[in-house]
Every structure is written in C-alpha cells, then in structure tokens.
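Two complexes come next, and they have one chain in common, subunit A, joined by subunit B in the first and subunit C in the second.
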Partner chain A sequence: MSKLKLNGVSKAYGATLALRRGDLEVMAGEVHVLMGSNGSGKSTLCKIIAGSVRPDEGRILINDTPVTITGPRSARAQGIGIFYQELSLAAHRSVEENICLAALPARARLFVDRAALKDRAARYIALFDGVSGEGFSADALVGNLRPDQRQLVEIMKALASEAPLIIFDEPTSALDRAQVERFFEILRDLKRRGRGIIFISHRMDEIKAIGDRVTIIRDGETITTLNLNETDAGTVIRLMVGGAGDMPASQSSAPAAVDAKDGAALTVRNLSGAGFRNVSFEVARGEILGFGGLHGQGQSALLRAIFGAGSVSTGEILIGSDRFDATSPRDAIRRGCAYVSGDRGRDGVISGRPIIENVTPIHYLRDRLMIARPSKLRDKVAPALESMHTKFASLFHPINSLSGGNQQKVIIARWLIDRPDVLLLDDPTKGIDLSAKADLFALIRQLAAEGLGIILYSSEDAELLGNANRILVFNGGSVSRELIGPERTRYNLYQAAYEAA
Partner chain B sequence: MTEIATSPTYRRAGGLRILLERYPFLPALAIVLVLLALNGVFSPNSLSYRSLTGLLSTYMALILLAIAQTYVVYAGDIDLSAGSILSLVNVAIVVLMERWGGGAGAVLLALAIGLLLGLACGLVNGLVVAALRLQAIVATFATSIFFTGLALYILPVAGTPAPTIFWRTYGGRLLGLPFVFYILVGLVVLLAVLSRTRLATQLLAVGDDQQAAYQTGLPVVAIRIRGYLLCGLFSALAAFCITGDTASGDPLVGGKMTLFSVAAVVLGGSALSGGWGTVVGSLLGALTIGLISSVVFFMGTPSEWQNFVQGLAILVVLMAGVLAGRRARP
Partner chain C sequence: MSRVMSFLRQPIVVALALIVLLLYLGELMSPGFASGAQILRLLIVASLLGIVAAGQNVVILGGREGIDLSVGGVVSLSAIIAGNVMNGADIGILPAIAACLVAGAFFGLLNGLGITLLRIPPLVMTLGMLGVLQGLLVVIRMGIPSGQAAPALSRFVTQPLFFGVPGIIWLWVAIGILMAFMLNRTVFGHRIYAIGSNEHAAYMAGVPVRLMRIALFMISGMFAAIAGLCLLGYSGSSFANVGEQYTLTSIIAVVFGGTSLAGGKGGYTGTMAGAFLLVILQGILTTVNIDESGRQMVFGATLLLLMMFYGRGRAMRA
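Let's turn to the complex of A and B:
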C-alpha cells in the first residue's frame, strides 16, 4: 500500500518553474531517497508535501485518498512530519521546548505541562545519548549549540511528530559519522514499524546504506524510480545529469584553457577564513575560472572574503603582483576588484531608486565624484547598459520596475563604467531568465577577452561547463579537485562534488 | 547544506552568562537598585514608605502599559497604539461612571466595559497587523490616531472628574496597606500565571523566527492576534491606574506614554526583534523610567534642563543594559 502518492505536481515562482512535474510514490516501511542536482526541485517537492509551499497543479494522495494540504498544520494533521534543510528552530528556546513546540503538552488547555514536556522531549533526546556531544542538554538554548547539535534537535523535532510519513531534507549535512550511524539505526527502526520515510542526501555512501528505492529528479521533473540494490552510483549520477553526461561540455564555443602568458590577474595563496580553508589558485588575465561543487561549500564565503566583505584568518591575496588585502568592499573597489552577487536584494539593488542611481555608485566611488550632472552621467551610463542589451523605459524609472534579469544587468553595468581588473561572480544568474543569462555570459566572455580575470561561481553546472576555462570543485570549504580541458564533463563535476565528505 | 564553519562560533556558557540567560532582567534590577540608592543620596526622604508608595501609584500605569507592550514585542511585533487605547479606556470609564451616578456598582460595571473596550482595540490591532499583514509599526500608528479620535469624540476636553470612591480606593489603604501594593501583588501573580501559558511560549517562538514557527505548524496569525489581545487587556488595566492616579478623564493622557512603554520594554532586557524577553524586566524598566525622573528632580536640576537630563539618563541606562544584555544573548 502506498503511504503517499504525488501526481504531476508543479510549482512556479513568477517566471521560474521550480517544479515542472513531480511524481512520487512512497510505501509504508521504506526509506525513499530523492536525488537531483542543486535547484532540481527536491526541496520544493518536500515543502509541497509538508504544506509550507502550495502547489499550482497536481494531486496528492495519502493512503490512496486524495487530500488537499493547506499549510504545515494541515500537513501535520494528515500525518506528515518534516526535517527542514534550513532548520525550523527557535534559537532562544530550549532544546526540549523546540522538540515539543508543534504540540506543547497542555494542562487545562491553557498552561504548558512542564513535566509532560520534559518527559516527551527526554524520550527523543535519549535516542542520541552518547553522540549528541558536549554541552547538549534538555534545557540548553538552541542558539548556544553547535551546528551539528542543532541539526540533531531538528531531527528530534521531526521524530517527535510521530507522523506515519517523515521527510528528511538533508538531515546529515553537518553530522559526524557516529551521529549518522545512530540516526540510521533510528530510521531502520522506524522502517520496521511501517513508517514511510523520504530521505534527501548528497552523500552516495549514505544513500546506499539506508535507502530502499530512489527517485531521480532533473530540472524539476521526475525522471524515474529505481530499486537501489539493483543499481549503482554511476547509473544514478548519469540519470541525474541527463543524456549528455558522458560528453564533454562542448557547447558551441567551450572556452579552451588559457595559458598564463599575460600574467596572473589574481593570486590566492593558502587562504583560510570563516567557511573555507587552505585555498590556493591563480586566475590569469583573460581567464574565466569556475567554482563548482554543492551549495555552501565555501565558494561564496571565499569570494566575499576576497572582496573584503568576509573574514580572512591566514594566507595572502595578490592582484597583479601587488599584495591585496582588502579591509572593506570600499577598499576592494578602489583597487579594481568587482563583485556581483546572485542575491540582488541583499547585495546589489538600491531598492526604490532610479536606474541611473543604481548604475553609478561605483563610478562615484572610483572617481571620487562629489557633484555630477545627470546629462554628463547619462553619456557614461548609456553605453554600459547597452552592452548588456538592458531593456528599460527611462533612466529615471525605479529599478524595481525591471524584471529580475534586467535588474541584474543594471547591477553588472555599474562595474563597466570604470573597468575593474578582477571580476568575482557569486552565482550571478540566480533567478533570472534564459535570454538574460545568454546576454550575461556573452558579456562575461567579452570581458575575459579584454583581459579581465574572472571567477565564476555558479550553482548551475551547465553554466560552469559552458563558460569556465578551468573548474575548481569545492567540498567542505576547500578545493577537492581541479578540472581542466577534456576533464570538464558533467559526470566528473558531479562525482567530485558528491564524493563523501 | 549548511555553511561550513572552520572555527566554532559558539561560546562556552560561563556562570554569569547562565545566570543572565535564566534571569535576563537582572541588569534591569541592578539599575533599579542603583537608581534607588541615588535617590537616597540626593534626598533621603525619597526612600520613605510614603514616597515609594507615591512613586508606585504614579508609575503603575506605565508598568502595566510596558507589560502590555511586552506581549506584542515577544512575537516581534510592536503596538504604537497602546497609549491611545489607554486614553480611550480612560475617558470611556470616566464618562460611564459619571453617567451612571458614580456608585460602586456603576464603577465596577464601567471597569468591566473598559476591559472589553481594551480587548476590542487589541483585536482591531491584531486583525490589522496579523491577518491583513500590514506593517505593525505603521498600522498601529494609524489605529492609534483612530483610537484617539474616538476618545476625543467621547470626551472632547479633559477634566471630567472620576467618582470619589474610585480614586479614594486607588490612592487609599486597605487593611493598613496602600492599595497599590495589592495591585502590585495581584499583578505579579497574574504575570506568573501568564508566563506558564502555552501562549507565552508560542509568542516567543513566533518572535524568534516567524517562518520557522509557521513551518513547525503553529497557528502564527492566531498567536499574534492573541498577543495584541493581551496588549489591549493590559492597556485597559493601565487606564484604570491612570484614572485612579489623575482622578479625571483626559483624551490625550496616554499619547506620550506609548514610546515610554517601548523604552521600558527595551530597558527591561527584551529584544525588540522578538523571541527574547521577560515581563518582569519590563516592570523594572518602567520603574527605571520613573526613578530616573525622580532622581533628576531630587538632584535639583533646573526645570528647563529636566527633559534634557532625563533623556540623557535614559540613554546612559540603555547603554548599560545593552552592554550587560549582549553577554546574555545567545
């Protein structure tokens, strides 16, 4: 009997299709693994089941009865529990309060029954006795715990739902071996008791160890469901990657490796800091260096640190042949370093202000402009925007009137008035449409041809393979592999990224 | 995947830190004691039983208003209409008591209606902020104007006196003890009961991380509305105290108290961003504000400089509280 069945579920955020066609069937007593690359729609699928995202279309059946899930509360009532990848904990509440938060035990319907709360929480805390680490106790505040301990609390919270179907969206990313082993024992026990479990992980060995069946999602579509003991890692990765997996990423003009005869634009030696350690590399003038790997393996932290917005503990950075230790982004900009973030809202857009003001702040800073006339500025702004094929009604319209892609073009245009030497791109195409992406990469290649050193971190592997001369694959904060020339295939990229950390 | 941190960012919990975590209002308590001592230095008489009773009955309204504010701040919201609710309830009960003849029955009935009025105002705020999802700071600013308008309609000019029985009781004694002491004891019991409710924990969880609370399956909208209901209720209680203290109705009496209530909440160690705080802290915060004005007065500050010095003193106290509170916050 299937515990849960999804038929043709889809979800779009504006123009971006997060999930095109999700199909899934989970049986009682199985651990069902979901696999797919970054942004393939796994998390969206899970959130739809858990009620925190409403699907646009599709049918959900629980125990073969169609249901409508209106929110997390309704999902709980239908017997669905979830471990959220980004955690759903209250930092200022204690471990035991967090575990029981969804259904606080009550006396007289009004008061918290402290004794019952302690009892119930203790049951789940006991499951991880001995592996939960120093400082972990029922009354510790969650905000004081280490990341792995917080993840344990979220696991306990999901278990405390005692739901017949529990979703674990990357529950092991911060756990150590012993903790994972204990967690898997608990999962096996749940399996024996006939619960259905959906499990997401990027570690191949874990999936082999705990999974029964695997459903593969690619570009928002369910590809297939396989029995895990009848298949091998290579097949699974090939299915995740799609038909083009074995071929090198020879899109029309895959860039060749650049020899560093023009000298290095940016050199990084043994750099360590918060989120990355011991990273060394060189970017030649005219080269596009790709950063690959799973999300949050230190790529963004490293780029921000180079730009002076993050912290560096040891190591050195050189621009050209000069020592470059930016103390602040302001300093980095003055010395010819540019940074474009995919998180436009936080790092780029000056919200509510006209387009012209959004294009010129870097120009003001680098030229130390005090007073400017709009007519003069316009002559500088117009070519920068045109080179990106930016569509806008007038320079004085607010930037919010533009689409995401055009906003990002405006943000990039601000770096084009005074050319930088080094361009750091931190997942720059997040949430923008295909044609804007094409314009953007055409420009990036042109800039490289003009001699800029460019670092491109992208969560979409196709972008890396199609544009980067070399790719450094990040794993756990350091570079685990360098892919050069014909090695740059989707298969290699996945393999390097998914290797057990 | 979570970001990988190479250096652990968590801190070991030291003795002081654990103490502050458990009793976040300790800095506020220390400040109150220091201010009491200062009062004693400048005017030994100000520590007498009578003066302290007077201080308490004057500032009981602000204490209640600060507590009202605390419950919405718990959930990360704010209520800029608390003072206007106080004014509205103040004029409503004074007018009703006068209409109904000012007897004991009339007073009690008017008080009951005052409580309902406070709850109704809280409901309006809750619906506007939580259900309609308007920005709390602006939405409650708008409702504050609206409530003030109602208060001015009920009583256009300040001055209608409250019945003698009412303010005599408030300012008088019962079994040899000042009546405000009974109010204080009753309040402490009420706060202790409320802090054990599920609602208190839920409000704090919502204020901690609203998205997480929603994903956990908490009824976030209903919880926030209940926070505003509590706020309205305590604002009405504050109105009773101000009526007892001033013995008259004034449609604008609460206007400037709103921001004092917010200040008291912060002085008491609560986070305006929500998820962290205590009502006891707010009680002490309100007392701090009262004691500061009293110190400023007893220091013999010239009257034209009193506001200046008072503002400065609040800033200094706020800084002291922030420095202590920063260690306590995880």
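Let's turn to the complex of A and C:
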C-alpha cells in the first residue's frame, strides 16, 4: 500500500520553475531516499509534502485518497512529520519540552501536564540511551547542548510526532558513527511497524545502509526510482548528473592551466578555523580557482575567514609574498582583498540607500576620503556600473528599486573603482537571472585576464566547470580532491562531493 | 494624484502642516499666541530641544535599536557644571563650554563603550546612565550653590543678536546646516546611514562599526551638553533635574520629523520641524492650563499616535 503518492507536482516562483514535474511514491514500511543536486527541486518537493509550500499543479494522495495540504498544521493532521535541516528548536527550553513542543500534553486544555510531558519525552530520550553523550538529560537546556546533541533532540521531536510518514532532511549531518547506527536501528524498527520514511542525505554509504529505494530528481524533474540493492553509487551519480556528465568541461571554458611565472596572488597554508581544517592552496595571478562540493562543507567559512570576517585558529595566509592575516574586513579591504557574498540581503545591500552610496564604501576606505562630492563620485561610479551593463534609472534612486541581478551588479561594482589583488566570490550568482549571470562571468574572466587572483565558490556546477581553471572539491571542511585539466567533469565533481570523506 | 499623496504623506510636510494648524489654533484660543515676538520665544525653546534632538537623531539613525535616554541627565549635569564654572562672570564662559563638552563626551563615551564592548542594549545602557547621572546630580548639589549664568550667555540666549533674532536661534540654524552637510555630504554621514540600514553589510564593506557607534553616542552627549549650557542661559540659574523632560521630548521630535526608530532612514531637517511643533504644542497646553504631568501624558500619547500614523514598518521594522 502506498503511504504517499505525488503525481506531476509543480511549483514556480515568478519566472523560475523550482519544480517542473515531481513524482514520488512512498510505500508503507520503506525508507525512501530522495537524491538530487543543489537546486534540483528536492527541497521544494519536501516543502510541498510538509505543507509549507503550496504546489501550482499536481495531485497528492495519502493512503490512496486525494488530499489538499493547506499548511504545516494541515500536513500534521494528515499524518506527516518532518525533521528540519535548519534546526527549529527553542534554545532556552529543556530537552523534554522541545520534544513535546508540537503537542504539549495539557490538563483542562490550559495547564501543561508536567508529569505526562516527562513521561512522553522519556520514551524518546531512552531510544538514544548510551549514545547521546555527556550532559544530555531530559531537563538540560537545548542551548547548552553540543550540535550533535541538538540534532538528536530534533530527531526525537520528529519521532514524537508519531506520524505515519516522516521526512528526514539530512538528519545525520552532525552525528557521530554510534549515533547514526542507533538512529538507523530506530528507523528499521519504524519500518517494521509499517511507517513510511523519506530520507535525504548526501552520504552514499548511509544511503546504501538504510535506504530501500531511491528517487532521483534532476532539474526539477523526477528522473527515476530504483531499488537500491539493484544498483551502485556510480549509476546513481550518473543519473543525477545527466547524459553529458562524462564530458570534460566544454570548449568555452577557462584554460586548464595558468602561466604562474608572475607568482601567486594568494597563498593559504595549513589553514584551520571554525568550519574548515588544514586547507592549503595557491591562486596564481590571472587564475580562477573553483571551490566545489556540497553546500556548507567549509567553502564559505574559509572565504569569510580569509576576508577577516571569520575565525582562523592555525595556519597562514599570504597576499603576494606578504603575510596577510586580516583581523577584520576593513583590514582585508585596505590590503587589496575583495569579497562578494551570495547573500546580498545580509552581507551586501545597504537597503533603502541610493545606488551611489552602495558603490562608494570601498572607495571611501581605500582613498581615505572624508567628504563625499556627488559630482566627483558619479564619474567613478558610473563606469564601474556600466562595465557590467547594470540597468538603473538614476544613481540616486534607492538600491531596492533594482532587480536582484542588478543589485548584485551594484555590489560587485563597489570593488571595481579601486582594483583589488584578490577577489573572493562566495556563491555570487545565488538567485539572479541568467543574463545577469552571463554579464557577471564575462566580467570575472576579464578581471582574471587583468591579473587578479580569483576564488569562485559556486553551488552551481556548470558555473565552476565553465569558468574555473582548477577546482578544489570540499568535503567535511577540507579539500578532498583537486580537479585539473580534463578531470574537470560533472561526474568527477559529483563523485568527489558525494563519497564519504 | 498618487505623487501628490506621497508628497503629503512625507513626515516633514505633515509636521509643517501641523505647525501652521497648531499656531492657528493657539491664536484662536489666546490672541497673540502666533504674534512675531511669541513665535520667537517659542523658537528659543525649540532650539534648546532641537539641539538635544540633533544628538538623539544621529544615535537613532545609527540603528541597532539606537536610542539615548541619558540626554536628560546630561542636560541637567551640564547646566550645573556651567553654572558653577562661570558663576555669573563672562570670563568663565569659555572654560564652562569646554567643561560641558568634556563631560558630555565622557558620558557619551561610557554609553558607547558599554553598548559596543559589553554589548548592553542601548535602551538599558542609557537608561542606567540616566540613573547614574540623576544620582550624581543629587550628590553634586549637596552644599554647593547651583551657580549663575554669565550675563553674556543669557543675552545670547534671550536677547536679539542679528536682525532681531537671538543668538541661540542662529546657533540652531548653523547646527541644522552642519547636520545636513554631515549627513549628506561626508563619508561619516554616509556611514551612519550604512550602519543604520544594514550593519552587517556595512561591516563587510569596511565600515568601522564599533568606532562609529561610540562616536555617535559621544556626539549625542556633546549636543546635550551644549543644550544644557544654553538652558542655563535661558533660565538664569540651574535647578534640580532641569533637563529631565528632554529625554522623552527629544525622541518625540526625532520621530515627528520622520526618522525611523529602526535606523537608517530620516534626517535632521524633519527633526527641526518636529522640535518646533512639539514646543508649540507645549505652549498651547500651557495656555489652556494643563500642568506638567498632563503635558507628559499628552507627549507620550503623541509619540504613540505618531508611530501609528507613520505606519507599521516605517517606524519599526520587525
């Protein structure tokens, strides 16, 4: 019997089609794995099931009956529970309260029944007895727990929903070996009791260990569903990558090697810090070095640390041949380092202020200006914006009047008035349209040709393959593989990213 | 049509319209309320408030729940310091100015350090500082005469200087021009807006966020100190908690003028109109014999009404 069936479900955000045609069938008593690269539509599909996104088209059936899920509460009422990847815990409350948060036992529908709450929470806490680690107890505050223990609480919370169908979105990312083993035992028990489980993970070994079937999603479409014991990792990756995966990066892409006689623009030696460890590499002048791998494997943390906005514990950084350990972005900027974040809203845009003021901060700092003369600044700002074909009506209109792509161009333009030596790009094209992307990469390649050392981290593999001279693949905070020349293929990129480190 | 509406909804237009309306109402209730001489008297009082509000304005523009509740205490302290230093003699004016500015900057520095280094929320830090200052005032005043304003200072504040307009109003106008220049034409001003709009983005663009914030609180303390000095000239001698009312009124003036309490949005021109408007309101309330506590209630209610009128999201982002 199928617990859940999705038929031709689609979702568009404006002009962007996040999910073209999602099909999925989860049977009672199976662990169903969902696989797909970043942006394939996998998380949109999960959100539709959990009720936080309404689909544009398609049918959802639970126990073979068509249903409409109107929101998260409605999903819970239909028997769907979810483990959230972004932890959704109340940090100042105890473990037991967090476990029962979704349905607090109450007396007279008003007063929390402490005894019943304790009882209920204890059942789920006992499941992880022995592996939950030091300091883990029913009355511990969640905020004081280690990341892996918090993730256990999140798992217990999902289990406590006792929903017939539970979605686990990367539930094991922070857990150690023993905790994962115990969790899998629990999942096997749930299977025996006829529950349906949707499991998302990027670790091939885990998927083989716990999954029964796998559904592969690529470019917003369900490609196929396979029995995991009849297939192998290579086949699954090939299906995720698509037909042309074995082809080397296309002709238009960057040269495989860069003449390094000018020396390195940036050197990083044995660098460790929060989120990354023991990373070493060099970026030559004129080179675009790609950072690949799954989301959150240390790429952003490393780039921010180089820029002085993250913490470095050991190791050294050199710009040219000078030791460079920026203590703040201000320090880094003064010494010719530039950083463009994909999270414009948080790191880039000075909202509500004119376009011109969004371009000038770096110029103020590097030229030690005190007075801002609009007429003089305009002569510097306008060419920088035009070099990227930025569309704007007036420099004095607020930056919020522009589209996302044009806003990002404005943010990049602020680095073009006084040229940096090193440019760090932290997933710079997130959420911008195709033509803006094309303009952006044309500029980046031109900057490299002018001798800048550039690091490009992108969550879109096509961008890496099309622009980077060399690609370092990150896994668990360190570089797991370096792809040079003809090795730069989609298949290799995926394989290095998905294999357990 | 919508352009006309959006023009009419601008805080400064609203404030100016209300000024005219209130002056008219005042004239109806008490003939002579809107006469030239009376308006000048109101403007003198408004400049005292406006100078305090200049400091409050930059602190609020700097964002991150920026607010300076200690200004009332600094105004009182400065009036007492000035009275004791000059003690009725013109020769003491310059030393008094210096002493007041140092005191204002010092307490602003303490506010700034507490907020940036110890990460105490501005509301709590400056409220605590207000308590400290009030206690300090009681201690200082034990046994020490409060001192007298120098005659030249009193003349500057109350007597005409150029074109029949007293010096303090000219000072206020000069501060207005300086503030407009600073906010719109200096790197420092652009950085105030930058940290007020998106502190993290400003940090990533190399703005020294902590130093900026400390500087803003020092500026606020210094403006409050100047206002305290002028207040002494206005009243002749200082008395206990002479500046107390300025904490609430300076915030109302800033909000009246359209500066967002969430930071990054607004300017000083509106605040000037807001200060004048508030003083006219105060005048009307006095005319109809409403006492100090009643006035405070009206001011509090006005602040709440304004927040509603300027709309959700404008006054305070979620």
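Everything that follows uses one rule, which is that the second predicted complex is superposed on the first by the 493 of 501 C-alpha atoms of A that agree within 3 Å, B and C clash if a C-alpha of one lies under 4 Å from a C-alpha of the other, contacts with A are read in each partner's own complex, and residues count from 1 in each chain.
Just so we're on the same page, a contact is a pair of C-beta atoms (placed from the backbone, for glycine too) under 8 Å apart; a residue touches a chain by one contact, two chains touch by 3 or more.
Because the structure is a prediction, the values reported are computed rather than measured.
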Check: Putting subunit B and subunit C on the same copy of subunit A, do they fit or clash?
Finding: clash
Next item on the list: Using the superposition described at the top, determine whether subunit B or subunit C touches more residues of subunit A.
Entry: B
Next item on the list: Applying the touch criterion given at the start, work out whether A:Leu365 contacts subunit B, subunit C, both or neither, answering first, second, both or neither.
Entry: second
Note to self: On the A-aligned overlay, A:Asp347 touches which partner chain: subunit B = first, subunit C = second, or both, or neither?
What the structure shows: second
Check: Is A:Arg373 touching the first partner subunit B, the second partner subunit C, both, or neither of them?
Finding: second
Note to self: Looking at A:Ile223 after the superposition, I want to know if it touches subunit B, subunit C, both of them or none. Which is it: first, second, both, neither?
What the structure shows: neither
Item checked: Contacts of A:Leu127 with subunit B and subunit C, given as first, second, both or neither -> neither
Notebook entry, point to check: Between subunit B (first) and subunit C (second), which does A:Met27 come into contact with in this model arrangement: first, second, both, or neither?
Noted result: neither
Note to self: One more residue to check, A:Val67. First (subunit B), second (subunit C), both or neither?
What the structure shows: neither
Margin query: Taking the superposition on A as described, I'd like to know which of subunit B and subunit C A:Gly296 touches: first, second, both or neither.
Written below: first
Next item on the list: For A:Arg334, decide between first (touching subunit B), second (touching subunit C), both and neither.
Entry: second
Next item on the list: In the superposed model, identify the part of subunit C that clashes with subunit B, out of 60-68, 132-140, 168-176 or 276-284.
Entry: 132-140
Item checked: Those residues of subunit A which subunit B touches in one complex and subunit C touches in the other -> none
Next item on the list: Note which residues of subunit A are touching subunit C in the complex, please.
Entry: 307, 309, 328-330, 333-334, 339, 341, 346-353, 357, 360-362, 364-365, 369-374, 414
Notebook entry, point to check: In their complex, what parts of subunit B are in touch with subunit A?
Noted result: 1-13, 21, 196-199, 201-202, 204-205, 208-209, 211-219, 275-276, 330
Notebook entry, point to check: Hey, which residues of subunit A end up touching subunit B in the complex?
Noted result: 50, 52, 71-73, 75-76, 82, 84-85, 87-93, 97, 101-102, 104, 106, 110-112, 114, 135, 141, 143-147, 151, 157, 170, 173-174, 202, 272-277, 294-298, 301, 313, 476-477
Margin query: Touching residues of subunit C toward subunit A in the complex: what are they?
Written below: 185-191, 193-194, 197-198, 200-208, 264-265
